[in-house]
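Chain nomenclature is as follows: A, B, C and D, assigned in order of appearance, with residue numbering initiated at 1 for each chain independently.
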Amino acid sequence: MTTTLLAAASTSTGEAVQFWILGTVAVLGALGTVLMKRSVHSALCLAGTMIVLAVFYLANGAYFLGIVQIVVYTGAVMMLFLFVLMLVGVTAADSLKETIKGQRWLVALCGLGFGILLIAGIGSAGVDTFVGLGEANAGGNVQGLARSLFTEYVFAFEITGALLVTAAVAAMVLTHRERTERRLTQRELAEQRVREGKHLPPLPAPGVYARHNAVDIPGLLPDGTPSELTVNATLRERGQVRDVSREALADLAALERRTGEYLGRNGTDTRAVRGAADVRDDVSDDAPDTDEGRAGDGDRDRDREAAK
Amino acid sequence: MNPVNYLFLAALLFTIGASGVLLRRNAIVVFMSIELMLNAANLALVTFSRMHGNLDGQIIAFFTMVVAAAEVVVGLAIIVTIFRSRHSASVDDAGLMKL
Amino acid sequence: MSFPLLTAVAVLPALGAIATAAVPAARRTAAKWLALAVSLATLVLAAVVAFRFDPGGDRYQLTESYSWIADFGVRYELGVDGIAVALIALTALLVPFVILAGWHDADSLEGEEGPNRRWRPTQGFFALILAVEAMVIISFEATDVFLFYIFFEAMLIPMYFLIGGFGDRAGPHGEEETAKQRSYAAVKFLLYNLAGGLIMLAAVIGLYAVTADQLGEGTFSLQAIVEARQAGELTMGENTERLLFLGFFFAFAVKAPLWPLHTWLPNAMGESTAPVAVLITAVVDKVGTFAMLRFCLGLFPGASEWATPVIVVLALVSIIYGALLAIGQRDIKRLVAYASISHFGFIVLGIFAMTSQGQGGATLYMVNHGISTAVLMLIVGFLISRRGSRLIADYGGVQKVAPVLAGTFLVGGLATLSLPGLAPFVSEFLVLVGTFTRYPAAGVVATLGIVLAALYVLVLYQRTMTGPVRPEVERMPDLRKRELLVVAPLIALLIFLGVFPKPLTDIVNPAVEHTLSDVRMTDPKPEVEAAK
Amino acid sequence: METSIGLLVAAPLLGAAVLLCGGRRLDRVGHWVGTALAAASFVLAAVLFADMLGREADERSLHQHVFSWIPVGGFQADVAFQLDQLSMTFVLLITGVGTLIHVYSIGYMEHDERRRRFFGYLNLFLAAMLLLVLADNYLLLYAGWEGVGLASYLLIGFWQHKPSAATAAKKAFIVNRVGDIGLSIAIMIMFSTFGTFAFGPVLDSVGETGEGTATAIGLMLLLAACGKSAQVPLQSWLGDAMEGPTPVSALIHAATMVTAGVYLIVRSGAIFEAAPTAQTAVVTVGAITLLFGAIVGCAKDDIKKALAGSTMSQIGYMVLAAGLGPIGYVFAIMHLVTHGFFKAGLFLGAGSVMHGMNDEVDMRRYGGLRKYMPITFVTFGLGYLAIIGFPGLSGFFSKDKIIEAAFARGGTEGWILGGAALLGAAITAFYMTRVMLMTFFGEERWRNAPAPSPERPDVEPVAQGGGEYEVPRPHESPRSMTVPMIVLAFGSVFAGGLFSWGDAFVNWLAPVTTFEHGHPPISAATVTAATVVALLLGVGLAWLQYGRKPVPVVAPRGSLLTRAARRDLLQDDFNHVVLVKPGEYLTRGLVYLDHTVVDGVVNGTAAAVGGLSGRARRLQNGYARSYAVSMFGGAAILIAATLLMRAV
């Protein structure tokens, strides 16, 4: 590597190879950052690009910066990004559909123009001889940086420090939310639930009337319909609710029918069948939006209890 | 190869980043694109320092990083606050300037 | 460094304005009296200036000069020549009468509620008038182009508020429409003058550039530039000089409305109260013609000579055009406004005739027109305040019920048509003679103006004052004491200056000679003497 | 003595000031004050006259420099007076007749509550008129010139509540202004030619300039004279001026002011002598006007308008004479003075008649008044004889001399002028006789109610229930009115004889206005004879038409000429069509133009800017991203710029 740092108009083939490969990766990463639908993916692409850049720093003899790049950016900054993404919602995928008229075309135009001009500018700058960092890094890159940093740039350095402190404080001030109202007591919370007509009693356990009591199988209501309430919310989120098998339902229906004939009354069967159908679409359309499903189940259960 | 290619790469990344800023509505992605631009600039600086054989370029790059870190901190904090207040991280929704 | 008299004359009304504005809201009358007292004190100071001024002495007297913005060679330079003295005297003289005439103009706005309620209107009204006076006076005194420019522009601010804020309700189309018209007029006034001012600013900067380029370090000082030019150190390129001249002249032509830049004047005078209208036409506009005389001719003699033919034609157009439109008006105030346009045509004609009679006449004209228009306009104001209408058609037979009002009105009118024995005749005839000796044709055309003047004045008098008494004016009271106190002295002055203008001419003549020497002009010799 | 010339002007000026500013408290004594001051200046004039007679002919011209009026550069206008024989003549006429008419007005205006102001105006007029004739330079003369114009404006419009009066006053002033243009331009030419406009230098050195300049000045002065002296084409105002009170018509529009034009021409004689063209113009105007006025006079039924026509024509005689040069000046002035006497007398008589007839002016409603107002009849009759030039009365002497001079002009021109003058004499005799007969002779047509006539559509016949017509009771006027009439009658009888007694008047004026004897192609006796024949002819015709057969109360339609003459030979219609109408259109057009074009351009620009910014506003859509795009584009452009810079 040291060879490359001597004055030269061109670099070692090794670096060339490395450049062409990693450069491609970097560009792809950049494009990914811009074009990915889900921001998580964008973040990851960006991270990739940054790592590549770190390597390039090292290749350019900026060892300290290379490390800092990895530590600060890929380490700290990107994590920060990811945390925020979690806050905002990982699953949220924003549409790339443009809303401002003509924005895309303008961007394309400006982007192309800008890029081409910039590259043309660099090209025409006529920089072919590289001094290289040989003697600059002679006393060690870090020491060199430290020297100039604490001698001629010390003032800027101090100011930057102040900036960082300010930034930290600012972040706290901005994100910290002062509790304006008193914390609610148990009683008030209960009353609130009643007022909102939420599901009052504790939720039923899963696996009731079930062949086995796995957590991902909803318990069945007296009429045999499965109650989503009994399944863990997270599983419901993920849409991983396993449904009771068909034949079980069928047997249940048959049993119902027989008891019905025996008792000389009918009509429940239809209910049972409808219930079976219910399970289907309940499960299917529970996945996307959770609130609706929960609410629906909530009042269904309630009229069950009323029937009991 | 001529190290000037690093500059071309930097230019490319910068342009992509800029377009990203202009194209994406999600504030966080916009932010990432800005970071991308900053990094491109850093790459250029580092290359320059190599070109001229003194460390000032790296110093500047260093400062850039620090400042970028600070900026990210504040920026994300702002995004979070906005998200809290209006349940959206879209820059278009923050349109109080709109007529 | 003796007592800075000129600064005092300008600063006194300025302080008065501040003090007046500061008078507590409850003490309205106090504010009025304060304003009146200040304006009278200013008049006294102006008189002192006039007496300290020695016509035989050097060109600019009572000069004061301090460095202001050293980097741009801007100096706080004051100095008066005869012309300035005359105009300062005029301003200081008119303002007390304006204040007295506008004694009750702001009262109607007091206790006004709703959208158009204003903050302490009375204090505001009189403070603004004093502010205008201060700025006008200092722009008459300034011998530093930049200093002059600043106050030339600053004047617009108080004037804008006076026009837009205090117009009389007596509009021909009801209060709503009148308010709209008023704001239109105010904005129009502002835009016209701003446009002129900005073009002038460009020219001012250009002038600085030229001086900086040629004299080493740039200067705005009128005297310095004139001396440098006469010493041959400063020689502007022909085109440069012409462009700069046009830049200056445009601004002044807007201010002293010269056809076709005149249309703001009728609106402004029509919509504002009579005292404000007097302030506009008798005081503020004079700065324009004055500046033509002092700056255009002083700084750009060559270009002035080059532009003279066009300007003379424009002046003639203004004279005839203004008079004809005055004849065609239905609104008394607009009529007076157009009459003023015609008179400004005479002034400009006199200035650019480049003869001692012409320019001396023009200077006298500024003073006399100030007084005569003041008389006419103020009486018109009193008339309108009685009947509450500006339309000529709404009057008739006033002479029968209010003979004194009608009589003074007639005197004002006769002054406007420049009847011998009244001041305007002297100046108008001087302008005509001065023009004729250099441009006979122009002189003859301008003479038509005196017939048209007779026409619009007498038609106005006939329609409003004579004939059978209309029922609306039957109860019209005659002039009150205060109003008579306003009108009588002005009329007396008109007669005095008409019979014995010598004091004024003695002050003005040397200054005019200086101006002529600036443009290197001499009066054309009479034919017979030339023959000898 | 010099110092007291200014007092001549000062006295009536003082009166005017006192009376006009004095306020109501002077109402009781106002007229006395006015009259006293007029009389004072007459007495002073008389004293000065006596003093002047006491001196040699060439020392009679007095000068008084009061103060320097307008000193600007080479332009030196002084308030300075010059009192020579010519001015003296006018001063005496003005103050004399003026005083008489003041006295007359005391009675005539007795019942007018604004009498004080009337006397104020009269004094103002005297002051201005005296200034006019005493000025020693043209500018001061111009001041007086406009001053009398103002006074006449105020006095014509004295009864301002009458729209007709107000209109007439305005008309008079404006037509005069047109004339004043002439005077002011003349002064300008003088100044630019001679560097001064004082009588002395100008008239002395007029020879040194080209004839062109002299002609220009002369024509301009003529224009001024036409305006003031109601000569064609600026005569239209005089008829309407009769709206003013009769004393005013007598003093201003008969005796003094209207003759100012003649004074101007005679005073500037040197200029006209240097410009033959101008002279020809003068005589032409004079000749035309004397016929014009006479014809108008024949057709009018309004007694004052008839007299106005005659004034016009008599001044025509004077102008004609003044245009003839040295052979005519003296007679122009002489006729002016005699005319001052008898025309004033006639007007006062007319006023006295109206006074007794409830201000009725239509002669067709007079008749047979001689036995009701004998003094008026006699004085009026004497004036009548004087004006028609009855041998032995003053009019005869002056007019006869003018006709003679007209013939003396020589050549065909002389014949034409002389003929016109003779014809004029005949017509004068005709219409004056007509006035006389219709007023004082014939049956009393005023006894029964008036019927509407084309002349006076305003009166509605009593038949279809108008107001009750109360029969006027003709009576003689009070002494304050009759005395002046008598005095004037004396003047009109004897003045002429007195003046031509041993050519007294000629010798008196000759030093000022050069004089030379004209040599008519035909002997003076013949001319006189012709004149007498002409006047007899006129009288005879008039008697045939108005004396023998009764005068119809309702004016007959009359011949085309008559109808035209009733309308002042259509001159008003002419002015209306040629000047007034186009003027109205012009002003209306300009008002429209000013609003749409001149103002429109500006407003249009404003609107354009507004619209443009309205469009530009769209760019500010509030999306941070589109702002960013523009920034980005800007950056690109910057790079491009730097590249170009480097490339260049």
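Note that in this section contacts are C-beta pairs under 8 Å (C-beta built on N, C-alpha and C of every residue); 3 or more make two chains touch, one makes a residue touch a chain.
Chain by chain, the UniProt names read as follows: B = NADH-quinone oxidoreductase subunit K.
All values derive from a computational prediction rather than experimental measurement.
Contact tally for B-D versus C-D: the pair with more C-beta pairs in contact is C-D.
Of all the chains, the one whose CA centre sits at the greatest distance from that of chain A is D.
Between the CA-based centres of chain B and chain C the separation comes to 63 Å, rounded to the whole angstrom. Chain A and chain C, compared by their mean Cα positions, are separated by 76 Å. Taking each chain's centre as the mean of its C-alpha atoms, chain B lies 96 Å from chain D. With centres defined as mean CA coordinates, chain D is found 37 Å away from chain C. For chain C, the set of residues touching two or more other chains is empty. The set of chain A residues touching two or more other chains comprises 100, 103, 106-107, 110-111, 114, 118. Of all residues in chain B, those touching 2 or more other chains are 18, 22, 25, 92, listed in ascending order. Looking at which chains touch one another, you get A-B, A-D, B-D, C-D. Those residues of chain A whose C-beta lies close enough to touch chain D in the complex are 100, 103, 106-107, 109-111, 113-114, 117-118, 120-121, 124. Note for the complex: chain D touches chain A at residues 621, 623, 625-626, 629, 632-633, 635-636, 639-640, 642-643, 646. By the touch criterion stated above, chain C contacts chain D in their complex at residues 188, 191-192, 259-260, 262-263, 321, 324-325, 327-329, 355-357, 360-361, 397, 399-400, 407, 414, 419-421, 425-426, 429-430, 432-434, 436-437, 440, 443-444, 447-448, 450-451, 454-455, 458-459, 461-462, 465-469, 499-502, 505-506, 508-509, 512-513, 523-529, 531. Against chain B, in their complex, chain D makes its touches with residues 617, 620-625, 628-629, 632. Across the interface of their complex, chain B is touched by residues 5, 7, 9-11, 15-16, 19-20, 23, 26-27, 30-31, 33-34, 39, 42-43, 46, 49-50, 53, 56-57, 60-62, 64-65, 68-69, 72-73, 76-77, 80-81, 84-85, 87-88, 94, 96, 98-100, 103-104, 106-108, 110-111, 114-115, 118-119, 122-123, 127-128, 130-137, 141, 144-145, 148-149, 153, 156, 160, 163-164, 166-168, 170-171, 174-175, 177 of chain A.
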